[in-house]
Amino acid sequence: MVDTTLVRKAMSELAYQDQNPMELYYPEIAEITKVNQFTELEKWYEITLPNGRDLGHQPGQFVQVSLFGVGEAPISITSSPTKKSAFELCVRNVGMLTDKLHLLDVGSNLGIRGPFGKGFNIDAFRGKDVLIVGGGIGIVPLRSLINYIIDNRQEFGRLIICYGAKSPKELLFADELKLWESDPEIEYHVTVDNIIPEWKGHVGVITTLFPNIELDLENTIAAVVGPPIMYKFVLMALKTKQLPDENIYLSLERRMKCGVGKCGHCQINQSYVCQEGPVYHYPDIKNLPEAI
Amino acid sequence: MKQVNVFLCLTVTFQMKWLINHGKNSWGIHSMSKNLDIMVKHLTRVEGHGNIVVNMKDGVLEKAQLDIVEAPRYFEAMLKGRSFHEAAIITSRICGICSLGHQMTSLKATEDALGLEISTQTELLRKLLIHGATIQSNILHIYFLVAPDLLGAPSVFPLIPTHKDVILRALRMKRMANDIGDIVSGRAVHPITPVPGGFTQIPSVGELKEIRRQLVEDGIPDMMETVKTLASVAHMIPNFTRETEYISLKHPDEYALYDGDIFSSDTGPAPDSDYLKMTNEFVVTHSTSKHCKHSRSSYMVGALARWNNNYKQLCENALKAADSLGLKPNCNNPYMNTIAQAVEVQHCIENAISIIDTLLDRGLKDEKPNQEPTRYGKGVGSNEVPRGILYHEYEYDRKGNIIAANCIIPTGQNLGNIDDDMKKLVPEIVDRPKEEITLHLEMLVRAYDPCISCSVHFLDVTFVE
Amino acid sequence: MKSIHLAPENVSDLIRHLQTLGKVFAPHPKGDTSFSFETVSDPDSVVLDYNRTLQSIKKYFLPPRERLMSYSMETNQYEKEEISAEPRIFLGVHSYDMQAVLKLDFNFGQGNPELNYLKRRENCSFIGVSFTPDDYHFSQSVGIPVEDLKGFDLFFRKHESGYTVFVVTKKGEELLQDFSSLSDTGFESDISYEFSTQLSINYNRLPELFNHVWDSPVWEEVSRNCVGCGTCNLVCPTCYCFNVEDNVELSLKTGTRDRHWDGCMLNSFAAVAGGENFRESYAERQRHRIYRKFKYISDVTGEPWCVGCGRCIASCTAGISIVEIVNKLKDEYEQTRLIKSTNKQERASVESSM
Amino acid sequence: MAKPKVAFFDFTSCEGCQLNKLNLENHLLDVLEHIDIVEFREAMDDKADEYDIAFIEGSISTPQCVERIHDIRRRAKTLIALGSCASIGGINSMKNLQPIESVREAVYGKDKYLFPTLPAIPVSAIVKVDYEIYGCPMSIPEFLQVFKSLIMGKAPIKSDSPVCVECKLKENECLFERGMVCLGPITRSGCDAICPSFGQFCTGCRGLVPNADKNAMTDILMKHGLSTDEASKRLLMFNSYVSDEMVN
């Protein structure tokens, strides 16, 4: 640890100050303890911090995953905070870091910083019906919330899950999906975009699931996560259903380098996604022109 | 407008065909009954693959041709309309191996055409650069391209484990030479700072001192070792001679590289404005590039030509090196070009040191390049580049844009001479095994160091008997 | 206020004195017509009369390239970078650049205070100098006069006969302690500094203006000549965005994690791995840059986040001026408001006449 | 793990990039630690049937080039365009500015559709290129960066910011300040602004950044003293190959 007394002294001379300066950019070395290749593109990892320390995250938060020699990238946590001593990530191979991450197996090390950002405000969901709307890998952070609710089922009302993917092949967490589907306490709806002969379920974009769902408008809180293009349509559809904006939470993706509100990449108008997001209360951002 | 032969540096095409019409000399007797077909394919790097084809039937040499076919790159057309600021940038791209030489020659031509005077400091720095480029190119040729032949290896890579100290020495010498380029001109390949009228930026005193240190502490001892290494394999160099006209620059006060008059070993000096009379480009029907001649059917340019014309002006240690490597004045063995290159390296190292001393003694001055033309018209630049004498000629309009350009490249000037050497060589060695004949032919082409791609060990030999 | 008089020929003596107290940084000539802050090795080469330096002193607290750590890819262990907090004295700083440092202090000191920045900021003294505004300076329009003393320990006011050096802080007094005895003079600003370039709107009203101009056609108009080179970001003393990259050694066994300045005008600044770019057009980027200067952070701090140094204007090869943009936005906004209100009046009068 | 098989090929070019590889001197032996060079015409006779990584230098400028590059592509797992000629057409593409319609027809006959712009075109106009290393000559640090990435099995970082960025990071005095005109504002960085750092204007040898606005850049050049003709010539020095023409 760096002795911060000197710096604190310096800080007292600065025009602005609030707390002790921090070493913001140094990761903790964690270990991959389980791996599961979900699809061609998505791989699931269980990560254990040194001494099995609890990550202490909220559903919807992310960590900065770093691989030495490759770099760092923000990745959503997919496990529920109710799972202690290890956490889980599910990674789509879309970039340089994820490309390399996909080559790693059990026993490999990686660097972790975080958890960062704001997750879903669980208190707002408590006692309410919960509508989950997940598109594509949007289901990854939502799974953390879903499993939290399942683990604390009595604290919440209905649990309605709407999950959409491009094709059946791209549906993640297949084993859990079966559990959700068969769980009488979960209203599970799934759809795929493209018509595939062997797919017997619903076909169409995710909003086509909505007409069949009855909502208790005052008493339902929605959590929406998906690709940028999805938000416009989902929000429009929810508006049509007359769900109040105050009842909607959503998570936004932006480029991030630091995770601590410094590097500037994730900024949406005046809001830093890594600080005030990635999960936003919809009324807070609906007037930000750069948000959606 | 004149077709520019700039691609000669990269592409060599010549064909020869003649009848051996007598059988009375020493080789003729043996060759009377000889049938030989040699096809050396893929001489060059690209699809145009250069081929050495030797075809002898009943002792009569019917065909001896070296084709390297590559599309002309139209530099002459590219230069048309270009500003004098851009000419050297473009022409340095004619050849990455002799980019500095092209640049220097281009700058001299532009300065001649526009009446731009350069300072003594600029001239000294340019000479230093030319020394760096000459060391670099000669070392590359000696160690990477010729040494494998002399050591019986297919390339330099197998020599890394077996001759690691030699390879490391070669790399060190190359780095040292490139450092001169990097520091003085920004970059050894396609130099940056030399512009018409001077330099955009000059090195610092500290940087020059560092180059000097390298030249003294590494360059000189490494060169001594180089001479020893070469001396140990010099017996592998074929013994072949042919009376030849040698053309190079000649300067009254120094071993001419940057400056001087054109000088022919046959006819003596001529001003560089006479370069057309010295080169006399002519079209051979079977070749896309022109040949050159002067007082005979062909002439040679390059290190051996410079040695023969100017050896007296080399530094003492260079002459000693020549002596220990068996290089004598008026040497007519083209294979000895490689040895002449080594001798030049010795000279360039020592001369570079004294140029740096002069620069440091004078004190470096931050000078702006002189880019205010005093006239617009034609100008010629000539330079000794590693492979021989290089000419650029430009004509500028009143806006400082090029109207016409001409470049004559050393490799092109040597084509006829290679041709004539082969005429004499093939019959002399016709009795030997084909592999050996082929190797001798390859080594001959390589000795001229036409260009990395034209001379190296990628000659894929195919016999078509 | 305490002060000393310093004849021009004595400036070097003072610098030599300061060098006994810490490492001294000051403006030096660079290139043909430019200046840059450099470590002083020869006090006589320092230039106190300069228009602006190519980069502000930001480069000493947030280096253009900075190593964050070195690591081994075999053992997954890393070493932190040592950040030196040696005493440093910055001489010849203009008021706007000082203010820019204070603004960066906010950016790096609040939220998650960053040790790297703050450690470098520690043990620094600042000596200001007055300047003659040129065609690009407009600091007064953003509330920073030439003789703004905030942040300085000492301040040089230039006269015909040399400098009056004012003592601003206790630390400043200590810097002069063994150099010269102090006299007491007032600090009346009897010199007036004319700024030829000015915002046509009081900076206090800027956040309000920026409430209305998001959709202004001015953004497209001023971005027409923009090539997105990012220069305006990279010369700005209050821009602090950065990128982080891993670089490995040729052994492929060890490497470093480095950060370097980035800019929101650049292509991939807002692009995510999936390919989406959240600010695709130059106009959108320009708008973001200017909103960061006059709205986003200003809403929190109450100050413009532009210090009026004029670097972005002076160095824009396309001739785009932040002052012109703001003035145009204001004009355009006022005009549309006028049209709206006139329309309303007209309508009202039409209606009443019916 | 077996060392990757690496091959180097050259097409129409000045060979400067090949030379620059040999100019790695200080790193050359370290580089060779990681790879097996199976084909490198400049330095050896050997040939191989397939390559893990093929580096291509030079522009495509004849039908034989096309045939050969297809052949190399088939045999290469990863194909990399090395230097400006291979990656953007480079200085060779200046000849594309000449009227050569008839030449095209004559040279390529019915196959001329392969060459809508003329002989000198980048490798990517013919086959899929996995990565590009820009520069005339290619920059050694960038070559090493890509090389290391490939050996590590990760995608190399591709710079899409302009040379201005590197100049500003180095605190160079802007060449426009010195009365020069420079293509730095729209030229892809990665050279560490080597030319401006040595006081020479950027010639655009690394190609243009994505989204480059040539019209706006022409305006800038004209604002700083070039005529329309000079401005467009300067812009086209290394960038005469226009990719949108290839679409047709």
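First chain written, first letter: the chains are A, B, C and D, and each begins at residue 1.
Quick note on the criterion: contacts are C-beta pairs under 8 Å (C-beta built on N, C-alpha and C of every residue); 3 or more make two chains touch, one makes a residue touch a chain.
Not measured: the values here are computed from a predicted model.
Engineer: Enter the minimum step count from chain C to chain D; a value of 1 means the two chains touch.
Structural biologist: When the steps are counted carefully, the minimum from chain C to chain D is 1.
Engineer: Pick the chain whose C-alpha centre of mass, unweighted, sits closest to the average of all protein C-alpha coordinates shown.
Structural biologist: D
Engineer: Distance from the CA centroid of chain A to that of chain B, rounded to the nearest Å?
Structural biologist: Here chain A and chain B have centroids separated by 65 Å.
Engineer: With chain centres defined as C-alpha means, what is the inter-centre distance between chain A and chain C in Å?
Structural biologist: 37
Engineer: Determine the centre-to-centre distance between chain B and chain C, using the mean Cα coordinates as centres, and give it in whole Å.
Structural biologist: Roughly 54 Å separates the two chain centres.
Engineer: What whole-Å value do you get for the distance between chain A and chain D if each is reduced to the mean of its CA atoms?
Structural biologist: Whole-Å distance between the two chain centres: 41.
Engineer: At which residue positions does chain C touch at least two other chains?
Structural biologist: 245, 248, 252, 268
Engineer: Mark out which residues of chain D touch at least two other chains, giving numbers and ranges.
Structural biologist: Within chain D, residues 152, 157 contact more than one other chain.
Engineer: Which pairs of chains touch one another in this structure?
Structural biologist: In this structure, the chains touch in these pairs: A-C, A-D, B-D, C-D.
Engineer: Name, in rising order, each residue of chain C that touches chain A in their complex.
Structural biologist: Counting only chain C, the residues touching chain A are 68-69, 71-73, 76-78, 80, 85, 102, 105-116, 118-119, 121-123, 151, 214, 240-246, 248, 252, 255, 257, 259, 262, 264, 268-276, 278-279, 288, 291-292, 295-297, 299-300.
Engineer: Contact residues on chain D for chain A in the complex?
Structural biologist: 152-155, 157
Engineer: For chain D, which residues are in contact with chain C within the complex?
Structural biologist: On the chain D side, the touching residues are 27, 30-31, 34, 144-145, 148, 151-152, 157, 160-162, 164-165, 168-174, 176-178, 184-186, 209-213, 216-217, 219-220, 223-224.
Engineer: Note which residues of chain B are touching chain D in the complex, please.
Structural biologist: 10, 42, 45-48, 70-71, 73-74, 77-78, 81-83, 85-86, 89-90, 93-97, 99, 140, 144, 154-157, 160, 167-168, 171-172, 174-175, 178, 186-190, 192-193, 195, 199-201, 451-453, 456-460
Engineer: For the complex, which residues does chain A have touching chain C?
Structural biologist: 2, 4, 6-7, 9-11, 14-26, 29, 66, 68-73, 94-96, 98, 109, 111, 227-228, 253-255, 257-258, 260-265, 267-270, 275, 289-290
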